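Encoded as structure tokens, the structure appears first; notes follow it.
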Amino acid sequence: MTLEEELVSKLKERFGDRILEAKVQRARRIFVTVDRSAYKDVIRFLRNDVGVTHVSTISGVDAIDHFEVIPHLSYKGIVVSVRAIVPKDKPEIDTITDVIPGALFYEKEVHEMFGIDIKGHPDLTHLELPDDWPEGLYPLRKDVKLEELFRRITKERD
Amino acid sequence: MGLVDWARLRSPWVLHFNTGACNGCDIEVVAALTPRYDVERFGIRLVGSPRHADILIVTGPVTKQVEKRLKRVYEQMPEPKFVMAVGNCCASSGAFRNCYNVYPGLDNVIPVDVYVMGCPPKPEAIINGVVKLLEKLKKLKGGAS
Amino acid sequence: MEGEAVIQELIDVLRTLLFPGFLFFVILGLFFEWIDRKFYAKLQNRVGPLYTGPWGLLQPLADFVKLMAKEDIVPEGAIKPIFSSVPVFALALSLFAALFLPVCGPQGIVSFPGDVIVLAVVLTLLVILVFLGGLSPASRYPEVGAERSVLQLLGYEIPLVASILGATAMTVGLGGSLSIEGIVNAQRDWWSILGFQALGFAIFLLAAQAELERVPFDIPEAETEIVAGWTTEYSGKKLALLRLARDVELAFLCGLGATLFLGGPWPGPLVPGLGGAIVSTIIFVIKSIVVLLLLTVIRAAMSRLRIDQMVNFAWKYLVPLSIFQLLLAVVVAPLMIHLLTL
Amino acid sequence: MPIFREVLRTAPKKRATLLYPFEKRDVPLDYRGRIEINYDLCVGCGLCVKECPSQALELVTLPDGKKKPRYYVARCTFCAQCVESCPRNAIKSTQIYELATYNRKAEVVEPCGTSR
Amino acid sequence: MSNIVDVPVGPQHPALKEPLNITCYVDGEQVVGAKLRIGYNHRGIEKAGEYQTFIQNLYIAERICGICGIVHAFDLAQATEHIIGKEIPRRADYLRTIGLELNRIHSHLLWLGVAAHEIGFDTLFMYVWRDREVVMDVIEDFTGNRVTYALVTIGGVRRDLPQEKAEKMLRVMDALEETVKKYKEMCLNEKTIRMRCDGVGVLRKEDAIALCAVGPTIRASGVPFDIRADDPHAAYDEIPFKVVTYDTCDVTARILVRIDETLESINIVREAIKKMPSGPIRARLPRAVPVGEGVGRTEAPRGEVIHYVRSNGTDRPFRWKVRAPTLANLLSIPVMLTSKGDYVVYIADVPITFASIDPCLSCTDRAVKFVDVSSGKSWVWTFSQIKRMYWKDKPCWRERP
């Protein structure tokens, strides 16, 4: 059994149904989908019991009918992408900064770009957007169209 | 040509301002100062204070956040002053046309005298741009006097 | 009788204004800036100014003229009288200092016993001007630059004066007076630098570099740190005058080095006798250029010190060394000479 | 102080400087400079327009009804993607890199061959 | 003079960088904590990416940054190829490797020069940049431009490396090796450099790991974390190379890691040219990418770059996420700037520490905000004022403890 498969089976064994989907895409790439409630436990398990220390980044995705928050963890060269499903009507998720401190900036980014509330995050100010950015405008949401951003942020184009 | 015009053409001091460039043009501007190209030959000096500068070299698409500071630097420069836009993203936002946080060209913010096209332009092309700017200056003077 | 006095007066005025006075030193200053830039570029494998006049010779002039013609902005909130007068005073002071140099004979235009002391005072005054110039625009970078120059002054002032006095002491030891003329004439057949003054010369070079605020002591102007230091807010004419003052000061300090340690206009140990005015001038300028080139090498081969490191260095090494060499010059050298001549 | 040695060693060396406007280095033959469109070969398929990353090409309809790309030099990123995209090899990269202009809006190549 | 000064415009300089704000918490002359604010260079590339085709995105990716541009283009291509699920020709892998390593060489040399300029050592800056020009020539010869390579495309590379160009490249590498060795010698023996870098900006191993530092920053803390070795992409699985680590964890270590890596890169380029198989350089892949997602990782000169791409079956990405290495390293800055036990950070160490991670957003706005922890007062200083402050508090004739 390869290292990748071993990791997947470990996760399945530990979390059972709370892992919605787990697949090895190719060498050194694993995608795991978890329920929002299990998200932090999975990260904690990976950190404490498997020995994952490095989070490369956290991708937020607006998948039209829900949001996804995907931390990409790195373990012995394997990228483990843990996908948490976040419903649109209640966009919030637990922070993982207390488990992996390196996630600080990435969670901020998810917050400002998608408007997902990160519960327990120590400092949810803007990371990249300017301070006078319009309240409630989350540029990477799919319902925010590029034309609207142009109109609101910079002047007409030639 | 008067003494002053002669001096002006031979002592262009430049100030470099990055308005959100990808660094590509910046390293080429810096490279133009280093031994291979050595723009000091033309009397060009890179200065740090807007008060000492004759030419403002701007690189990068103008991002929303930088607009105010750019205007302030421009206002601080003493007359006569010139602006040179280096790189196509400075001229017209180039590859960043679809980015919401940039202006479509430097001339939306401050007047521009010469554009150096390229992405990034070679240091030679930047020198060429300076030469063009000086030519423009010469003509301006010729017309006036 | 009457007529002769008038003519003498006229000659003196001309000497002061044209040669070897103000005009000469302004031109020399611009010329030295060119040498400095060219040689600096050479050391960096570049060419430096090239197209302004032959080999870029007129580059400093072009810079000067251009700045003179540029808009002159007085920043808001500046203390105007001080801000505007500093450049004029700086230029006047450095030109005044230059009058003391023995360019075309063993005597400067101004010469009297004790003039060496006056020179040391003038050098300090120049730094005070920098301080005023930096404080007056009420802007942050110049302020920092100004404070730094004074801090720096604390470090190099003593070595500078000590090295000047060391050179003077030789003459006193030989029965001369405390004047430049005395120092120059004492080196008639033996340059100071070849004797006990080699150390003094080295100290003088470093201190001069600091006085001129050049690498490694360009802390008050550190471009990557505080834009252009105390000159940040100056533009147009005022900047032109400031830069010219700097150039004259550069020429003056190089000339001073040549005077104190390289025998001024004296042709050298092997060729006794003083040439005419023209020959003397040429010899003097060549010697100054040698000093200038040494200063440029220092500038090229060092990195900027931090202000604390600079002051540290000055107090730990420069000051003790300069006092040591002063002792050497005052006590040991005359003793030796005395013994030798016995 | 190794740098002292280095500095003194450099002094007598020949300059590393290229006296640019008077001396020029050869540009590699396949340099990606300004592009050149051969409108005789172009069939107006629009592929180049579709894949240009900076909208430097725009399809216009000529009076005779044919479609051809118009080229805005000041928007181009000189990536030569269009050279690759064109099925008729109508576009070439040139070695031209000295592209300074006073008016960016004038730097447009019109399909009829004239510049605006 | 009042303590509160407004934020300055900052030196408009050969500012190779994007701006940033640091807030330092000080107690007397010691820094006891720091906070960062970035984002003045935000352009909104990720959003634009969703409106452009994959091919177009390759070029905008390259322009996320001109210094390690090819890395971003390569990474996007790699992630996309993972979605498509087809292997690309081996020769393309080797050509990509050469491109990536040339990029690393030029970037590290560039940094060395800028660092020298930073401490007022303009001559060294001039020398380094002069010698860097030959690398730029090689790159231009190979890719058609000095800075933006436009080399990588989805499915392979766009240009081949003919024999004579490869030979020229090898000659340049040999000459460069000598030069870089000389610079290493110089940095090790130049007293002023050592004075300002030894024991400064320490990032302990545990902290580096916890804060997910990447690249030379974490390797200078003794952790052999290098994507090229851990997660081999391009042709790194077939080319032997050493992962350079130093364990003094300070600024000197970061300088040495970069210089040694440059030497290592020179070897990789040679090796890659030698081992490169013949064959096609690209596979024709469909323009419309099938539904799926992919993660690409690459070791850029400054550390790990990661791209996440999601496709919904069209020729435009549904989501494209980029993380550049500097963002990962910024988090370590507050730790390096926090005194702890024996390790004392002086205010004067702030600038050099900051420069040591090779931030691409350093100098344009180099103001630091200070908050006094005991009184709660806050004010802003430039880096230069810090140095002055440092002097005031420490009489010059006393050595630093």
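Residue numbering begins at 1 within each chain, and the chains themselves are lettered A, B, C, D and E in the order written.
We adopt the following convention: contacts are C-beta pairs under 8 Å (C-beta built on N, C-alpha and C of every residue); 3 or more make two chains touch, one makes a residue touch a chain.
This one's a predicted model, so the numbers in the text were calculated from it and none came from an experiment.
Asker: Which chains are shared contacts of chain B and chain E?
Answerer: A, C, D
Asker: Chains in contact with chain C and with chain E: which ones?
Answerer: Looking at chain E and chain C together, the chains touching each of them are B, D.
Asker: For chain C, which other chain has the most distant CA centre?
Answerer: The most remote chain is A.
Asker: Of every pair of chains, which is linked by the largest number of C-beta contacts?
Answerer: Top-ranked chain pair by contacting C-beta pairs: B-E.
Asker: Which integer distance in Å separates the CA centroid of chain C from that of chain D?
Answerer: That gives a centre separation of 52 Å.
Asker: Express in whole angstrom the distance between the two chain centres, defined as the mean CA positions of chain A and chain C.
Answerer: 65
Asker: Starting from the mean Cα coordinates of chain B and chain D, work out the distance between those two points in Å.
Answerer: Whole-Å distance between the two chain centres: 20.
Asker: With chain centres defined as C-alpha means, what is the inter-centre distance between chain A and chain D in Å?
Answerer: For chain A versus chain D, the centre distance works out to 41 Å.
Asker: Going through chain D residue by residue, note those that touch at least 2 other chains and give them in order.
Answerer: 1, 3, 7, 10, 15-17, 19, 53-54, 77-79
Asker: Going by the touch rule set out above, which residues of chain E reach two or more other chains?
Answerer: In chain E, residues 11, 13, 39-40, 42, 44, 47-48, 51-52, 59-60, 63, 121, 123-124, 126-127, 130, 133, 145, 148, 190 touch at least two other chains, as defined above.
Asker: What parts of chain C, by residue number, touch at least two of the other chains?
Answerer: 43-47, 50, 141, 223, 227, 300-302
Asker: Among the chains present, which pairs are found to touch?
Answerer: A-B, A-E, B-C, B-D, B-E, C-D, C-E, D-E
Asker: Quick one: which bits of chain C touch chain E in the complex? Just the residue numbers, please.
Answerer: Listed in rising order, the residues are 43-46, 140-141, 143-144, 147-148, 151, 155, 215-216, 218, 222-227, 300-309, 311-312, 315-316.
Asker: Going by the contact rule set out above, which residues of chain B touch chain C in the complex?
Answerer: Answer in residue numbers: 3-4, 6-8, 10-11, 34-35, 38, 40-43, 47-49, 51-52, 54, 76, 78-80.
Asker: Which positions of chain E touch chain A when the two form their complex?
Answerer: Counting only chain E, the residues touching chain A are 38-40, 42, 44, 46-48, 51, 82, 85, 209-213, 225, 227, 230-231, 293-295, 297, 304, 306, 308, 310, 318-319, 321, 323, 327-328, 330-331.
Asker: Could you please specify the touching residues of chain E with respect to chain C in the complex?
Answerer: Chain E residues touching chain C: 1, 5, 8, 11, 13, 116-124, 126-127, 130, 190, 192-193, 195-196, 348, 351, 363, 382-385, 387-388, 390-391, 394, 396-397, 399.
Asker: So in the complex, which bits of chain E are touching chain B?
Answerer: Spelled out, the residues of chain E in touch with chain B are 9, 11-18, 39-45, 47-48, 51-52, 59-60, 63-67, 69, 110, 125-127, 129-130, 133, 136, 145-148, 360, 364.
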